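One chain, chain A, links the two complexes that follow: it is found with chain B in the first and with chain C in the second.
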Partner chain A sequence: MRFVFKRSYDDDIKLFKHRPQAFYYLALLILMLALPLLLDDFFLGEVTYVLIFAIAGMGLMLLTGHTGQVSLGHAAFLALGAYLNAIMLSKGIPFVITLPLAGILTGIIGMIIALPVLRLHGIYLAIATLAISVLADDIIVMAEPFTGGVTGLVAPPIDIFGLDIDRYGTPILFYFLVLFVTLFVLMIYRNIMRSPLGRAFVAMRDSEISAQALGVNITKTKATAFAISCAITGLAGALLGHFAGAFNNETFNIVLSIQLLLMIVIGGLGSIHGAFFGAMVVGFLPQFIAISRDFATDNFGFNSLSMPGIETGVFALILVLFILFEPMGIYGRWVKIRTYFELFPFYRKNMFKRQKSYLKTERMK
Partner chain B sequence: MSLLSLENVTLSFGGLIAVNNVSFHVGEGEVFSLVGPNGAGKSTVFNLISRFYDPQKGNIKVNGESILRLRPDQVPSLGIARTFQNIELFEQSTVLQNLLIGRQRHRKSNLLSEMFFAPSVRQEERRHRHVVEEVIDFLELQAYRDKYIAGLPYGIRKVVELARALATEPKLLLLDEPASGLSLEETNDMIYWIEDIKKQMNITVLMVEHDMNLVASVSDRVLALADGKELAIGTPSEVQSHPDVIKAYLGTGGEINV
Partner chain C sequence: MDFWQLAISGLANGSVYGLIALGFVLIYKATEAVNFAQGDFMMMGAFITIWLTNEQYLGFSFWLAIPLAILIMALLGYLLDVVVIRRMFGQPQIAVIILTIALGFIIRFAAGAIWSHEPQLLETPFAGREVHFGGLVLGFEEVAVIIVTLLLTMFLFLFFKKAKLGKAMQAASQNQLAAYYVGIPVKRIQSLVWALGGSVAAVAGILFASKGAVDPSTGLLGIKAFAAAVIGGFGSLPGALIGGLIIGLIEPFAAYGLPAGYSQVAPYALMLLVLIFRPAGLFSQMHEKKV
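== the complex of A and B ==
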């Protein structure tokens, strides 16, 4: 068991609780920086994909996991980010401006859309945001002069101060670009969560009435949460556009929205770790299935190549298992295992009660 | 001048008149209690002051100014804090985090400075923490500082809610049944705390309570309500011996002959 001796208020403000924890994360960072030396281009691409999904996951986690507002419309904001970035790039604006601008604009547009929608609660909010996702699909097709309609757009090449970054040409540089954005978003996310605004988010999730009675402006705070969430998702969208190379309305369909939400549920609602764990499941699952399929074909001789929809099936199965047995997601399971060893032998089975993290009904109104 | 005054306030839900033409004034430094049987409209009065409900008639004034144009989240900035009858804490946060949310009305930092955790934000956090630590010392919550609410017993949660209200540094504290569900010992602690809140911190207290022992020991004045109407107002002993109050609590008597 570890006892952390706190000597000043700053011990509760700082990012890492104790030295060993800081050391683990530093080690992880070094591993991530050294990854291009360890992996070939294909797997580095897969890791890049996971990181992009982790950024999008962080965007949705802030809104759903920490503020308690369900959104089934986040594919629309991924799309917005991707299209804004690609359109601005094709106008000759440099990437160092288009990427942050795509994020900021997506945040602003997201907030404008959110203002009427956020008056809704729980399942009604889910339906309204689902409508955003459906609408986005149609709008992309209709706004053909800008978006290229069903033909789609090709993301123009990235050029940062003379450095050509391309997913296929220079995968290592693209990986570092994505890693940088991930770390940047992570830093902002952590900072917000340890400041008054982050506490207001969590307060609103757990009891809106009580948050209001303590001076949290519900409408404004929800809109802020939506704006930050959309901005982060927009950044992920812009990167996803470059990762995909070419994209159209089909790239950002409703399934992607649902996949994002399921991702953070599997990862663990209400924790930043959850966004990363969820992204790993979503990102590596297709590869895992492909590898095990090859393995099965080689060793048992049956040909499973002609099994359509197996990915969706396995994904759904994992989700059902998680909701039944581990509603707190992968991160929740990890916390339980860690607590077991930290408290050994004093761990009790009911130390982690099941709790709702979102979709809480209002009791007073 | 009175800190809080209700003037002929009426609120009805459909046909049910929850609060019927109620007027009272709470002076600065006073402990004022609302008593009455269930459904008398006591908590409704609290929700009116918190601006969760709009009165149909009448006016509510704080420091002589009407608060009816304010949103519920603007009420704390007047220095009004409250607790809830059914504890409304943030269950998945620690005691410390709960108390820090009480500092929300003093937030000066903006989104941009918080995103990069500017030095000003850190300074502000330290100041918030200092105030919160004083409240923790006052209510003896040191042992629970880093515990999650979900795992705390009822009595402690009640104290945490009081602590969270105090962390806002209020001028007027609304306590909705501070002693309900508490043991005798815990109720006695509550009596001392309310007295200290009044004397040491100079906070005015408006309280809804059923425990007449607590009401009688801490209140300066008591208002008895029944069916949304005022029955009696005065010192605790005056109200307790008022014939209408006895009637409301015990029934008319004499009409049933066994």
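== the complex of A and C ==
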């Protein structure tokens, strides 16, 4: 059991709660930096993929996990980032400018889209964003002169100050690029959550009415959350475009939107860790299924190759189990296990029990 | 004549959207949860009917298969609530939404694994029959779809308005705790609502499958039905039907008059407009929220 003594108000918003924690994260960082030495190109590519999804997950986590606004349309913003980046690159603008610009522009466009939509609550917001995702698919096809329509676009090669970065040619450099962006987004995210803005997000999630009473400008804060969330997602989209090499409207379909949401729920809503855990599940699940499929075929003569869509099926099943038995996600489970050992033997079963609330209609109040 | 031909086939399509939307609204009205898997329920209902009827599978008589399919879907809906959804009692609404989205994926996967991903047609006794109506030549299915949908909506509307069970369902949604206090078995009522939702989905599935081929991704039609439910105002049964009909009508005319691609966008664009300018829908039940 560790006691953290707080000696000033600033201790509440320190980057790390205590020294050992800082040490663990430093160790993790060193491991991530040393990863190209430990893994071959294929698995490094998988890790890169997971990191890109973690960035997208952080984007959605900020909006859904910390501000409480559910979005089923974030694939649209991934697409926006990817297309903006690729189009600007093909116009000859260097990558160091196009990547941040793609993020910023996605954020601005996201906010413009969000302003009318943000007046909606709960399910209406979810449905409106779902519609945005469906519309994005069709708009990409219709805006053929820019987006290449159904044929799609090929992400132009990246060139940073004479350094060629390519997913297949130089996977290590691409990995470091993605890692750098991940750390950058992570720092921004973490710092937002320590600032008054982040506190306003969380306050709004927990109770819009109380937040308003405490002087939070609801519309402005929601729009800001949407803008930041879209900007982060746009960055992830730009990187995903480079990772995929070529992409079209199908790459960013509605299923991806939903998968993003499911991902952060499995990871654990309301924590930055959750975005990473969720991304790991999404990233490694196909490999895991492929391996267990081979295992089943070899050992039981059970032919499961004729099952398309098994990945989404298994993914959804895992999600259902999580929502039923561990609504706080993987990170929540980890926190519980840690608390169990920290408090041993005084852990109580109901420690993390959520208060149940009886439902009242939204229609008549 | 072209105009009427388009209008009738649009209305028939719209009826199916309306029926799925009806399922959403039904469950929303009575449990305050939104069933994102309703489209997949419909697909499941269609496949169960195909499985019962078609020669290739069991080959029952069509008229026996219909009540059986509706019964099976009602049972599935009931069981789904008892086994899965009921555990979410008292959890935030959004958790239920995410749960039903995941269930939709599972249903789609299961249907694909059982009945393959090939599109399949329901063998109906009235396939190919036509109805002549004042110079119009209409498919029998289209007319049947419109009539059945209208009857079902009327029945459900009266059910919620007049029947004791219907009123209990509304009460359970408006205030769970108060409903408990006046002796309404809220949990069982909710299971019954899911059963009702399942059987409405089965009817929608049968009608859809008699009009065109079904494959496991047909469930994504549910998204269009969302647009219908939102346009009509979530919470209003006739509204859902009218929303569905509006979308069904917009599609063929947009395809007729506008460049390619716009017809797919039109329903969602309309829905966004409705959400922005009249967030409660055209036939709203929304009242001002007080602190």
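Here is the rule we go by: the second predicted complex is superposed on the first by the 351 of 365 C-alpha atoms of A that agree within 3 Å, B and C clash if a C-alpha of one lies under 4 Å from a C-alpha of the other, contacts with A are read in each partner's own complex, and residues count from 1 in each chain.
To be clear about the criterion, a contact is a pair of C-beta atoms (placed from the backbone, for glycine too) under 8 Å apart; a residue touches a chain by one contact, two chains touch by 3 or more.
All values derive from a computational prediction rather than experimental measurement.
Contacts for A:258 in the overlay, against chain B (first) and chain C (second): which applies, first, second, both or neither?
Touch status of A:258: second partner only.
Return first, second, both or neither, reflecting whether A:100 touches chain B, chain C, both chains, or no partner chain.
Touch partners of A:100: none, neither chain B nor chain C.
Once the shared chain is lined up, is A:36 touching chain B (first), chain C (second), both, or neither of them?
A:36 contacts neither chain B nor chain C.
Touching A:286 in the superposition: chain B (first), chain C (second), both, neither?
A:286: touches no partner chain.
In the overlaid three-chain picture, which partner chain does A:191 touch, first (chain B) or second (chain C), both, or neither?
first
For A:45, using the defined touch cut-off, is the partner it touches chain B, chain C, both, or neither? Pick first, second, both or neither.
Neither partner.
For A:120, is the partner it touches chain B (first), chain C (second), both, or none of the two (neither)?
second
Tell me which touches more residues of chain A here: chain C or chain B.
For chain A, the partner with the higher number of touched residues is C.
Check the residue A:128 against both partner chains and state whether it touches chain B (first), chain C (second), both, or neither.
The answer is second: A:128 touches chain C but not chain B.
Counting contacts the way the document defines them, which residues of chain A are shared by the two interfaces, the one with chain B and the one with chain C?
The answer is residues 209, 357, 363-365 of chain A.
Could you pull out which chain A residues touch chain B in their complex?
My answer: residues 9-10, 12-13, 188, 191-192, 194-200, 202-203, 205-207, 209-218, 224, 228, 270, 351, 353, 355, 357, 363-365.
So in the complex, which bits of chain C are touching chain A?
Residue list for chain C touching chain A: 28, 32, 34, 84, 87-91, 93-95, 97-99, 101-106, 108-110, 112-113, 117, 173-177, 216, 220, 223, 226-227, 230, 234-235, 261-262, 264-265, 268-269, 271-272, 275-276, 279, 285-291.
If you look only at chain B, which of its residues touch chain A in the complex?
Going through chain B, the ones touching chain A are 47, 50, 52, 71-77, 81-82, 84, 86, 88-93, 96-97, 100-105, 107, 109, 111, 114-117, 121-122, 124-126, 128-130, 133, 150-151, 164, 168.
Looking at the complex, which residues from chain A come into contact with chain C?
These residues of chain A touch chain C: 70, 116-117, 119-120, 122-124, 126-128, 130-132, 134-135, 138-139, 141-142, 209, 254, 258, 261-262, 265, 307-310, 312-313, 315-317, 319-320, 323-324, 327, 354, 356-365.
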